[in-house]
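The two complexes that follow have chain A in common; it is paired with chain B in the first and with chain C in the second.
Then we have the complex of A and B:
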């Protein structure tokens, strides 16, 4: 009971060997599908292994059959930009406003933001279909209005990431201090709160991009083309290229998460130094 | 360092409501140019609200706040030209100490080079010139509050507002920094409003203290006036230590345990009242009121002993360290000093003139 926390944790933790075994087993579970995908893309027609499918991806003769993928990728990037814009211009300012002025709204807003997590996309789309029927008639069937729906699906991730960095600083006091020094509200947001919430807002944006790039259900059921729907289409003619692109998308999402994590480590470093004083 | 522009501050019938609850009941307070005034009171008395209304961080529900005679009630915080130090650490975490101090100057469009030299000068004044490049997380609590003070002062504001800036600090640092705040305030001659719940802090550094209770000022005066001539029982009880004992008032005197003491306010109505006695106005005597020692604490230059009287009342007595009564010891008490009492309807305070 009287042991320091660190020591107590050590006695509860598995031995170094046990720890490695656990990591190895979990790593294997995650590695099997990815390695299988990689092995699949390297299969040659003659039964051996070669990189011909990877090279085929860049072969101009295949451009026609791969065209849907480039269209889908372009659409997904447009959707990413639209979704990030919603996070940056709507979600983040709203959360700052709630933290500064309407602290009582925090719980209801949190509930609202986490709600999409509990509603499957297939259910969401049933409600969205009539809305997009109207949108299709009024502002067109272009791809970008879909980012409004994606703005809803990324809410839980964006909320969590931004709220964590709002909780890490005393936004109300920082804003009041800046106001007392002569700063207007714009300056407070951009020069005082912005830099201190940067990690959380960046994480929210990158998570949103990762979610949008991986989204299939809503786009498919609303008859919009994005990266995932294109992959399904191409998969029917050439399964190899679909798997290659899935691997690339996975790698891209992995890099995004790595960037977020590096940002978080930098922040944690600051706080642990503070803790020592 | 140039002398600050000294400004007067006036609260005129300031009322503040939070929903149905009224936290300021028509506050009136005049603060002279260059004066250091403390708002002292228990938590929830409205002192911080009053300061925030002066800063413009809260809107008053009624009345007016005047700086240099002009009504600033409708002026937003960032246009009021004030400097403020907060209770919680309020330095911008992403800026160095120097950049923090320069922030207010850049808001006023002071050119970079001049801003930097003024900021460094101010950091020197608070004794942190050597740590200008450090970030807030690399500074101790006391150092952070010094930087916050420099940041509030560097713009040469009309009024300096201090919202319990010392309450998060260790006792030693707190005492050191409060002396320093007073030294800097006197040197710059800046009008200062200081909010605190610590009466010792207020007594030590203020020109005048406004004792607040339940949204109103009970008494305003110099530290000496408040201590020796408290105008209400609340002030007598809140400022300094006191013992509350029952007495019988009559003809300008009050009888406490068989001994008559003159009341400060002879107009006090006759009958049973509570009397407040300072610990330093009770002494041990060869004969007098019998008492039994409960405990005695050594406080360095003095000793404070709690004793129980025959009727069960417990009193605190302050006396020289030479006397060292032991728990359980029986001795006698006598009231000393010039008896003065001030009265309210239910209680009277007795203390020295």
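Then we have the complex of A and C:
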């Protein structure tokens, strides 16, 4: 009789029912704007509800007015690829190099990577404007150079994701073992460390894509067109399509983050099972 | 031959000496060249960060000190004392404080409720993913969400008007002004609190409660005397992060607020897009400097508090 009482007393958590009630209440309040968006997109001209706005998105007659959206989406995809390339080819190799050869630089490097969190994008853009003036004159005013600025914006997220993987594996021993078995540095990076760090690197890439698809500040103030600036433009002519695409983009980011989280859990599961053996 | 020469005669007698002398000999020959190569490997990243982080930050802050003629001036920085600019800073800080307080409290309650669920279960994963999206990737889209909810034709607006006869815009369309930013900001502050505070809350040990109860305490005294003091630094650190987040946020306000530039980021937009503001060039730089100063103070406070919080999270 006294045992269940003691067990109950020794847990910090609220009762399962209490926890569910709190989450349900806050969840319902937070669902209101999302449900409102959905209802908004389903409003019909006659006052009822229909899917006409969703269908209008694919109507060739509207192709002209929705053109900024497709341009913006295309640009955002180019920027995602560019930013992921920076993470894969610049950030990840540098982090491995620091872990292997400059362990003393770890703290300063961490500080550097997390620094963009405390520099607001709106401040950065004031200084990026002259930099992009030079870039515009030398490289051109195409969209892809903007991914260089986005690489800085995603740096804190990419750093934390990859560093979590580096901390979980003994990078130095793996690299040394591979080297002493005759592997070249290319093999070490691509076939030994790469697969071991893939959860972190994948998470870094997906987070980067999510950040880039949601970025507005820098693109808008440097007069570049991406998905978010296009949404603002189209919203002025056709708010329905802007809200539809916002819903889709939020849903897409949600799926990306869920994939990252599930990936991390699956990986922890594998490790704890290995530990038991 | 090489083997013979590197193994010194009488190694058996001088074991330790040999280990000390022979081992560094081989790497030493390559060490300078390899170190140089390693340092060379750091240069692309260093150059990148220099051009796209250090230079823009210095340009942003430094341009506040450059006058129209290109010479040094304190004129722009003096503009920070202009009543209009001071009012924008007060608005920005007030908005960030208000939404950070509400966000921190609601977020902490949500974190507490999440303790009732398994750490790696679907509920926590879903809440974490939703929090991540709303906290970091909302921006412009959150503005649309709130226009659809409490805009002039928003769902809640229409419902309140038709069902209850309440016109929430009786005193003007406040959603497009400063008050309209409060709800959207809370909407991304609460999720950020969940992301930053949940790790601290899960670090609270159940056996501390057990110890308190064994020593004659109650659940209430555990929360008051043990949990609160342990969690206070983490809570404060998360609160500061929320404040910084609200203070630096631009996209939601840019898409929502169409009437004037009530907060600093919008004032920077105006300064960047129109040539002169208050008759001054480079006011954007001075505003950026002001923002950096506030952010630096907040992040310094964060580092101090986080240092205390880290003690309990091992």
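Things worth noting here:
Just so it is clear, the second predicted complex is superposed on the first by the 263 of 277 C-alpha atoms of A that agree within 3 Å, B and C clash if a C-alpha of one lies under 4 Å from a C-alpha of the other, contacts with A are read in each partner's own complex, and residues count from 1 in each chain.
Basically, a contact is a pair of C-beta atoms (placed from the backbone, for glycine too) under 8 Å apart; a residue touches a chain by one contact, two chains touch by 3 or more.
The model shown is predicted, which means the values in this text are computed figures rather than measured ones.
Once chain A of one complex is fitted onto chain A of the other, the partner contacts of A:133 are absent, as it touches neither chain B nor chain C.
The partner of chain A that touches more of its residues, comparing chain B with chain C, is C.
Look at A:67: by the touch rule set out above, it reaches neither chain B nor chain C. Of the two partner chains placed by superposition, only chain C is touched by A:120; chain B is not.
Of the two partner chains placed by the overlay, only chain B lies in contact with A:173; chain C stays clear of it. Using the contact criterion defined above for the overlaid structures, shared-chain residue A:214 touches chain C, although it does not reach chain B.
Comparing which residues of chain A touch chain B with which touch chain C, the overlap is empty. Of all residues in chain A, those touching chain B in their complex are 169-170, 173-174, 176-184, 187, 192, 195-196, 270-271, 273-274, 277.
Looking at the complex, you find that chain A touches chain C at residues 9-16, 18-20, 22-23, 26, 30, 32-37, 39-40, 86, 90-91, 93-94, 97-98, 101-102, 112, 115-131, 148-149, 151-152, 155, 210-211, 213-217, 220-221, 228, 231-232, 235, 239, 242-243, 246, 249-250, 253-254, 257-258, 261-262, 265, 268-269. Against chain A, the residues of chain B that register as touching in their complex are 55-57, 76-79, 81-84, 86, 88-94, 103-104, 107-108, 137-138, 140, 148, 151-152, 155, 161. Listing the residues of chain C that touch chain A in their complex gives 38, 41-42, 44-45, 48-49, 51-53, 55-61, 63, 106, 109-110, 112-117, 120, 123, 125-130, 132-134, 136-142, 144-149, 154-156, 187, 190, 204, 206-207, 209-210, 213, 219, 227, 244, 247-251, 254-255, 265, 268-269, 272-273, 284-285, 288, 291-292, 295-296, 298-299.
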